[in-house]
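Going in written order, the chains are labelled A, B, C and D, and every chain counts its residues from 1.
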Amino acid sequence: MISFESDYDNGCHEAILKRLNETNDERATGYGLDGYSTAAKEKIRTACGKPDAEVFFLVGGTQTNATVIDAMLKSYQGVLSVETGHINVHESGAIEFGGHKVLALPSHDGKMDAKELEQWLHDFYADPTYDHMVFPGMVYITFATEMGTIYTLDELIAISNICKCFELPLFIDGARLGYGLMAEGCDVSLTQLADLCDVFYIGGTKCGALCGEAVVFPNPAVPAPAHFFTIVKQHGALLAKGRLLGIQFDTLMTDNLYFRIARHAVEQAMRLRDAFVSKGYQMYSNSPTNQQFVLLDQPTIDRLSRDFVFEQWYPVGDMMNCRFVTSWATRPEDVDKLIGAL
Amino acid sequence: MISFESDYDNGCHEAILKRLNETNDERATGYGLDGYSTAAKEKIRTACGKPDAEVFFLVGGTQTNATVIDAMLKSYQGVLSVETGHINVHESGAIEFGGHKVLALPSHDGKMDAKELEQWLHDFYADPTYDHMVFPGMVYITFATEMGTIYTLDELIAISNICKCFELPLFIDGARLGYGLMAEGCDVSLTQLADLCDVFYIGGTKCGALCGEAVVFPNPAVPAPAHFFTIVKQHGALLAKGRLLGIQFDTLMTDNLYFRIARHAVEQAMRLRDAFVSKGYQMYSNSPTNQQFVLLDQPTIDRLSRDFVFEQWYPVGDMMNCRFVTSWATRPEDVDKLIGAL
Amino acid sequence: MISFESDYDNGCHEAILKRLNETNDERATGYGLDGYSTAAKEKIRTACGKPDAEVFFLVGGTQTNATVIDAMLKSYQGVLSVETGHINVHESGAIEFGGHKVLALPSHDGKMDAKELEQWLHDFYADPTYDHMVFPGMVYITFATEMGTIYTLDELIAISNICKCFELPLFIDGARLGYGLMAEGCDVSLTQLADLCDVFYIGGTKCGALCGEAVVFPNPAVPAPAHFFTIVKQHGALLAKGRLLGIQFDTLMTDNLYFRIARHAVEQAMRLRDAFVSKGYQMYSNSPTNQQFVLLDQPTIDRLSRDFVFEQWYPVGDMMNCRFVTSWATRPEDVDKLIGAL
Amino acid sequence: MISFESDYDNGCHEAILKRLNETNDERATGYGLDGYSTAAKEKIRTACGKPDAEVFFLVGGTQTNATVIDAMLKSYQGVLSVETGHINVHESGAIEFGGHKVLALPSHDGKMDAKELEQWLHDFYADPTYDHMVFPGMVYITFATEMGTIYTLDELIAISNICKCFELPLFIDGARLGYGLMAEGCDVSLTQLADLCDVFYIGGTKCGALCGEAVVFPNPAVPAPAHFFTIVKQHGALLAKGRLLGIQFDTLMTDNLYFRIARHAVEQAMRLRDAFVSKGYQMYSNSPTNQQFVLLDQPTIDRLSRDFVFEQWYPVGDMMNCRFVTSWATRPEDVDKLIGAL
């Protein structure tokens, strides 16, 4: 069976594995105070063009979202997200567990519309009863989105400007940041993204690491919340052997590895998408990233399932919206086989 | 100025005031263990036709919703409510403060549609990723709703049946229960309502009391959560001088006072509604209860505001949706004056 | 039966009842925005000698403690209290429900020792692992304490200075503030108390009101947390008919009523204490306030219980620590009867 | 420098590293549904002698404690622990973040005394005000403790019996379970430990793994809380690449590796302890496990610090309580060097 099930079903990239082997016998202080973590943080600052950025390593995406959001919100504030946002759907209520409401806006193929955001904020403050309501305290978007889409630079700027105008921090969930920045037609650079938001993370789990997300507070004018280390610990998100995260990000950030492997995944996804389209399949969304959504009928699903693994998301009319995911580990010959089978 | 601003801007009904005067010098044990509370509970059991019901007195609506919902949900569960539900809009995130997500369904003039509820539940359990999501743990509806509407008996039965089918407790927020049960055309009795849900409350604050909501667990097969007394205390909702609540509900439940005064308010509201309609105003919703919503233009608002107090909710096209509320304290002659001014 | 069971088993003081009667037919905006509340706040500012103080009215003590503490702490902070502090014992975990640890110090007849507080804080910051621990974020003391004792002015100054030194807000729980300030030998004035802390409350429930606690942020340099109104609502502590609290505090703060009735209670308690002592009973603590703790043997308890109500707290050796409480409602002739029965 | 700083400053045991290398190219479903995890769970069931045990893999100790405790407690319950318990000191308030109080008992070299536990529970239920207090909902102990000590079988039985008597689940934090069970003189087997508690975990992070704790619900009569998977996700403790945990525990549980490497660490610690004692140093506690606590004066600390790394915990009189930790990675020749330097 050839799998297009997810981008986190392999081990780690071979370069990471090599480094884990090389460093295994070394001793290192725990909790992220080790030298590997220090080096990785410096490389991230350089990659972002933010020499004063603060960087923290956490283990997984849900805990990262929950920790960052809870740390940055006041108790009476909620977080604005599109309805399909990961925090609103697939985190088992981790944000609410921390006491905060997810204030849901419409999703446009996974993206937030800047004008709708502005209107929502305008309406909120125009409501004479707003002090009986949950205050907006942060804007959360994903890059790439859960639907595989990405924001253009202009779209990001528009959202960022509204956030500034309403003094709301902008948080970009980068669980698939690599695939987003390396997407076909992406006109946003890592530096620009870091300029436009107040906190974001570089997702390792889905881009080559065994685990790990690098949270970046790029702008010294909006520093990490005081005692963020302790907050991370309180949320159960502080890894004792922080070296595991440091080594992995140090490797990913060396020689641009993170972006090279993401680019590979996107290239394979584009080949797949082009084949779907040229063979007359209907795409569910127009994704320029490593997740492709296509509508399949049941006979096709049955036929493809004999040799390939992929997820069936939900019915659309009498078709099924199916997801095919590539990763750093996807082999071109396996994509060839799938294309041949379409 | 004559006020139609709200149903909680007066003191209390004169019968309550009289009893507060009569009993003031008596001593009574605190925390609801007093004789007045005991008597009031018994009268509520009788009124509901539920001799084994458990009854608790809390101070206000938001704390009652937050306490009941948190007490009945597991940590990984959320509460289903229509988007316009009080818990989803006007409680400053009190439900999320307790760790729970409000799972929002569409609102139909403030009401939940049984078929949409069923479809939502069906879709939830059909989603292969549901164990990464917030589980439905309770259904919350309001009677009367925030828009002044009420459920018919058939509608309540349909929702109740779906709840039973999915083993979800049904919670009816009765902050305006009196006005709902006494509404024009209401075909639901208190006994029937108690039969159809697992927990509800009889709102005192908006129906003649200074404060107080009576939470009823009508069905011994679904008893109050263990140590509910302690949970109430933990949520800051246990009144030290519980007598204040006991005396008020004892009075309200004597000689049907609660329902008589609610009926009075509804009658005045119906007179007002009929006048609006006969004079060609457009009602925003068709409310048979004490809250009337009507679309007014700015000149009319300006004119009426010289003599009358009422709330402007939000613009609808170039009109404003305005709310006029009657209560037990509304004088017929004041309604006459407003009708005369239309 | 004559009761010395508690200071919250009567109705309210007759002056309050009179005002409730007089104002009952007036209409007033909800949520504390009424004129009675405005007037009461102004009288409190005057009484405290703090013309710029911010004042909020909440319903009960537990919700007040939980709301103030949660509003003022960061998520990673806890509150320092003596072990016997109300928040650490008798609030069913309301502080922890809000996510915060109570950091317990030894109790000295209910009081915190300034030197022990300083040592604790010194030790905390000297611990190299302190960022894995709960940070101290606030100091909580009660005045009068749960054991009936009070702080001297020097003791308060010492605690206040340490708080300033460590930049910790000092919160004084004044559920029994009147009895504390009117205690025999008390050398602290309300103005001094307001000078020495960052937030405190004037307890109404136990000093003549039906319910209500007035939270005071006396010092403009340490204002109320932003959007404290919304935080109060979120905690279920915002009373819809805020007039009920406004009217009561307006009355209590008129002509010094609050302190006069507290003084009466203390005088009766002192008569009782002197009688206990002169007849050879052993006091459990030396309380100058309205709560008297005395060790009684079982035959005495049995004998007194025939005519008097009082609480048995816990055994001390083969004696029982019993509590006798006076209030604004205690009649001198009832104290005479108890003294006669000793 | 030779380090005795901690048992989590190395990478992982070589057998684990080998397996990570061998399996890296295989694909596996995420979230613990992979074959490695399945195999590891089965081996754990066998090792415990509990064929029906439920097993879950989480990443770290704090998140494991917070998740298990929150999942098993009702909202109004707290967890009983000795004062020095990890959850009470070094988890930054993670338990309180979940809404629960840690009810602290005295520590006896890190251990809970069964009689004191019984007395506490007896006193709690004898207090007439107990329903205003935090209910005991679980007993938490560590094995080995934070002070390096272990419970005897009789001590465990005594605690377990009291838990049964009061219907409280017993939770054993096994962050250092291997070192505890392999301790000098330990008379408790893994099977017996599993018999005596309701939930425990096998700590991987401190015993050879890169990360990972295996939570075991040994007794089908006390199953894992419903939807524990979702609760784990909600607490941010579900690892996407669950294979990382499965592979590690599969390796540790093969050929008794986990216990063999723990035994090695204990042997080296015993050599060290004997040397301390024979050279006249005063041990702070009598630890039979891999953590040794010894009182050193400043000149000795200065001298040893030139070649060895160890932690200084806190002053005891004019000495310092210093901690020396061995692990699976401690080389006998390094212990020799330290012994030579004493």
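We take it that contacts are C-beta pairs under 8 Å (C-beta built on N, C-alpha and C of every residue); 3 or more make two chains touch, one makes a residue touch a chain.
Keep in mind it's a predicted model, so treat the numbers as computed, not measured.
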Pair sharing more residue contacts (C-beta pairs) when C-D is set against A-D: A-D
Furthest chain, CA centroid comparison against chain D: B
Rounded Å distance, chain A centre to chain C centre (Cα mean): 50
Cα-centroid distance, chain C relative to chain D, in whole angstrom: 42
Distance from the mean Cα position of chain D to that of chain A, given in whole angstrom: 33
Contacts with two or more other chains, residues of chain D listed in rising order: 75-76, 91-93, 97, 99, 131-133, 230-231, 233-234
List of chain B residues in touch with chain A within their complex: 75-76, 78, 89-93, 96-97, 99-102, 104, 127-129, 131-134, 311-312, 314
Residues of chain C defined as touching chain A within the complex: 70-71, 74-76, 99, 131-133, 135, 226-227, 229-231, 233-234
Residue ranges of chain A touching chain D (in the complex, touch as defined): 3, 5-6, 8-12, 14, 17, 20-21, 23-30, 59-64, 66-67, 91-94, 97-98, 205-206, 210-211, 230-231, 233-241, 243-244, 329
